Amino acid sequence: MTVTLPEGVEPRGRDALAARIAADIPEGWYVNLGIGLPTLIADHVPPGREVVLHSENGILGLGAAPPEDEIEPWLVNAGKQHVTLVPGGSYFHHADSFTMIRGGHLDLCVLGAYEVAVNGDIANWATFDNSRAPAVGGAMDLAAGARRLWVAMDHVTREGAAKLVQACSYPLTAPGAVSRVYTNLAVLDIEDGGFTVVEMVPGMSFALLQALADAPLRLAEQDAATA
Amino acid sequence: MIDKFAASIAEAIGPLPDGSTVLLGGFGAVGQADQLIEGLIETGARELTVVANNAGYGRIGLARLLELGHVRKLICSFPRIAGSTIFETLYSSGRLELELVPQGTLAERMRAAGAGIPAFYTATSVGTSLAEGKPVLEVDGKTYVREYALSGDLALVEAWAGDRWGNLTYKMAGRNFNPIVATAATRTVAQVHNVAELGELDPEAIVTPGIFVDSLIHLPQEEWA
Amino acid sequence: MTVTLPEGVEPRGRDALAARIAADIPEGWYVNLGIGLPTLIADHVPPGREVVLHSENGILGLGAAPPEDEIEPWLVNAGKQHVTLVPGGSYFHHADSFTMIRGGHLDLCVLGAYEVAVNGDIANWATFDNSRAPAVGGAMDLAAGARRLWVAMDHVTREGAAKLVQACSYPLTAPGAVSRVYTNLAVLDIEDGGFTVVEMVPGMSFALLQALADAPLRLAEQDAATA
Amino acid sequence: MIDKFAASIAEAIGPLPDGSTVLLGGFGAVGQADQLIEGLIETGARELTVVANNAGYGRIGLARLLELGHVRKLICSFPRIAGSTIFETLYSSGRLELELVPQGTLAERMRAAGAGIPAFYTATSVGTSLAEGKPVLEVDGKTYVREYALSGDLALVEAWAGDRWGNLTYKMAGRNFNPIVATAATRTVAQVHNVAELGELDPEAIVTPGIFVDSLIHLPQEEWA
């Protein structure tokens, strides 16, 4: 990124970010992990903690990637990667799968995003590049339907532009849907119409984090007291 | 470890406020969770709205719930079956409100609630007294009536086998409304005849995935097994 | 019935009527048989002719009643009678069952009725006896959803009142749904807004049949030519 | 005797008029009936509307159908996948109309068509550009958009096993849209990897009952069996 971070500040890498999110998912939750970074979260659920992963193409109980010689051609996740099924898993068709999503049966969905706004709006499916065909997949269903929507993304774009914004500039996926954002620099809750920083990577300052956002941030109360 | 098996019917059902809406699986006696309905009686909850295809028979299960005066309103497609004398007495004396819904509309309204569909249109009942006062939509020259999702605070399910994640299978025509009500309530409780180890149920043949089930109780009925 | 029929006119009994209807059901049709007389039709499908019977409580491939010692408590038809499943049969839930009905996938439904009108209206679920609770079951779904609706009923009530009428007096089950009526005296098509008599039981006269209806009847062309 | 097995793909599909709407099961390559799509090409039907979750990849199946110019309009949730170069070329040059539909709404619109539901409401896409111009309904203070049933003249299904009545089972995630499109078309054709004797498929585990299937073709793929 073109943003220069102070010495000693280490942005979370993809796996570290996935692991950070995984740590917050309690046992027993039904969770859909979006394509890309969110998919990695599956690999970081602590051993022995039963979290049931849903895939919109009709699977509950997604397991890890299979060894090369045990690939089942009919068993892929929503990102079309080969996966396995854990004991207790099940298959169903797309209408039943989206009954789970639209009907509010998923405890959590984690998606990537281009932008997240102070009011929880998320934009993650379309840009203004009209030369390419749009593709939405299940993003709108998941964003509108899951009980909680968390976003996993870099704090700023590769060009250094803010992704935490006052209002999304890209086309919306869903209004007011996001409750929590995990970036490579911080964890932020969306509450009372604004971003609350609940955690920063070691060495990161609130002032810099604020400078890297296009919307006002505030510190969570316990942190503000010691800031 | 996820383990949705409860130690008792009372624990499986949990507390239930007065005025709750309870969805019952079952078609007549087949696939109706009579023991859970007894547990529902034990909660003492009153002023209930009960959704079921039929209105019970004899003096057990739903009929007993009605007889004890716990139910304010019944939403039902075919309340009058052989032996439904308790319902008929209550209804004819004006002590029970009845909302009559065509059977397929009843199923679809609960399916819609489970699927996050707040309303839909159907040709069923168009041109009849059951469509009176309902908004209509014309599509390709045909008239349809709007029906609304029907959700519950509690669903009581009878299933054949279940595992600790709440995955369920049913037996024959015992399936009926059970997988539908399971999707449509805030809390879904199942009584199962058989306990399966996790992974023992065929993933291709699980009818109700555990995501829809909050609690199970194992009630073996040896004489039927 | 209080109607006196001429000597030699034998109204069809329940089984004869069921057999008459069964004879008209081609191989390969998916058929729902209503409670009561229509249920009997199943027993009269000619041996070897594959007709697939649907029951709204989640069964395709209904078979005959089981021997007393082979009753399965979980296997009943829509009338709550014990039945069997034929090879090729399947079980499904109520929403899927009514997908078959409402979605127009049944070739035929046969119902009983209080009245059928010249325009195909059917009344079969409620009377004006308000002392008894109403019950509709799947009748409205079946009448509105099946590709064809045939009615099986007596030609007149036990009191001798017409059941083939100009306009139904009882509450409707569905408007304009019936295409054919099988009574104990005749078979009538509903077409071009009227009843066409396509068959009468032996000895029956068109004049008497007309006298027993509250709507104009006409003879089918081939019969009219020889009448 | 009911026997829905056809002797050839051409016989299974039958004639198809120009301008028809064809529903395809499958999620990416998984569970898509590639051989039936080749048969669809052979019918020569043009000006087709094709409904599928993705837009094909490489130069086989759906991609080949597109490349040959048989398709006027694609109704799709995620046309841009790895290898979907033929679609992208056609789209960017304006030779293919695209109706983009959220994946769950796409599934539900076809399910609605199969279930005789002409329209329904959903929160999906509310507040986004995909809801623009659509009628809305407010229920309990929340806004929903009206979506219409999406039916086809022909549905092409890939299934794991089938019997002569057209009962089908699927394999793993190959199920996806297949049982939905099967309900939503005037004519449904399935390619099956395995033939089952009538009665051999478990009645509790049949996913698509034969009532939804008009014709089957047996295409064993030994290398995958």
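In order of appearance the chains are A, B, C and D, and numbering begins at 1 in each one.
In the analysis below, contacts are C-beta pairs under 8 Å (C-beta built on N, C-alpha and C of every residue); 3 or more make two chains touch, one makes a residue touch a chain.
The structure displayed is predicted, hence computed values, not measured ones.
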- Query: What are the chains that subunit C and subunit D both touch?
  - Reply: B
- Message: Can you tell me which chain lies farthest from subunit A, using the average of the Cα atoms as each chain's centre?
- Response: C
- Would you kindly tell me how far, in whole Å, the mean C-alpha position of subunit C lies from that of subunit B? 30
- Indicate the whole-number Å distance between the mean C-alpha point of subunit A and the mean C-alpha point of subunit B. 36
- Item | Centre-to-centre distance between subunit C and subunit A (centres being mean Cα positions), rounded to whole Å | 57
- Multi-partner residues of subunit B (each touching 2 or more other chains): 108, 111, 115-117, 122-123, 170-172, 203-204, 207
- Query: Got the subunit A residues that touch at least 2 other chains?
  - Reply: 85, 91-92, 95, 98, 101-102, 145
- All pairs of touching chains, each written as two labels joined by a dash: A-B, A-D, B-C, B-D, C-D
- In the complex, go through subunit D and note every residue touching subunit C. 1-2, 111, 113-117, 163-165, 167, 183, 198-199, 201, 203-204, 206, 209-212
- Inside the complex, what are the residues of subunit A that reach subunit B? 27-28, 30, 48, 50, 52, 54, 60-61, 85-92, 95, 98-106, 145
- Note on the structure: Within their complex, subunit D touches subunit A through residues 27-31, 53, 55, 77-82, 87-88, 91-92, 98, 100-105, 107-108, 110-111, 122-130, 170-180, 207, 224
- Enumerate the contact residues on subunit D facing subunit B in the complex. 108, 112, 115-123, 137, 139-140, 142, 144, 148, 169-172, 202-205, 207
- Task: Within their complex, state which residues of subunit C touch subunit B.
- Result: 55-59, 72-76, 80, 85, 91-95, 97-98, 101-102, 126, 131-141, 144-145, 171-176
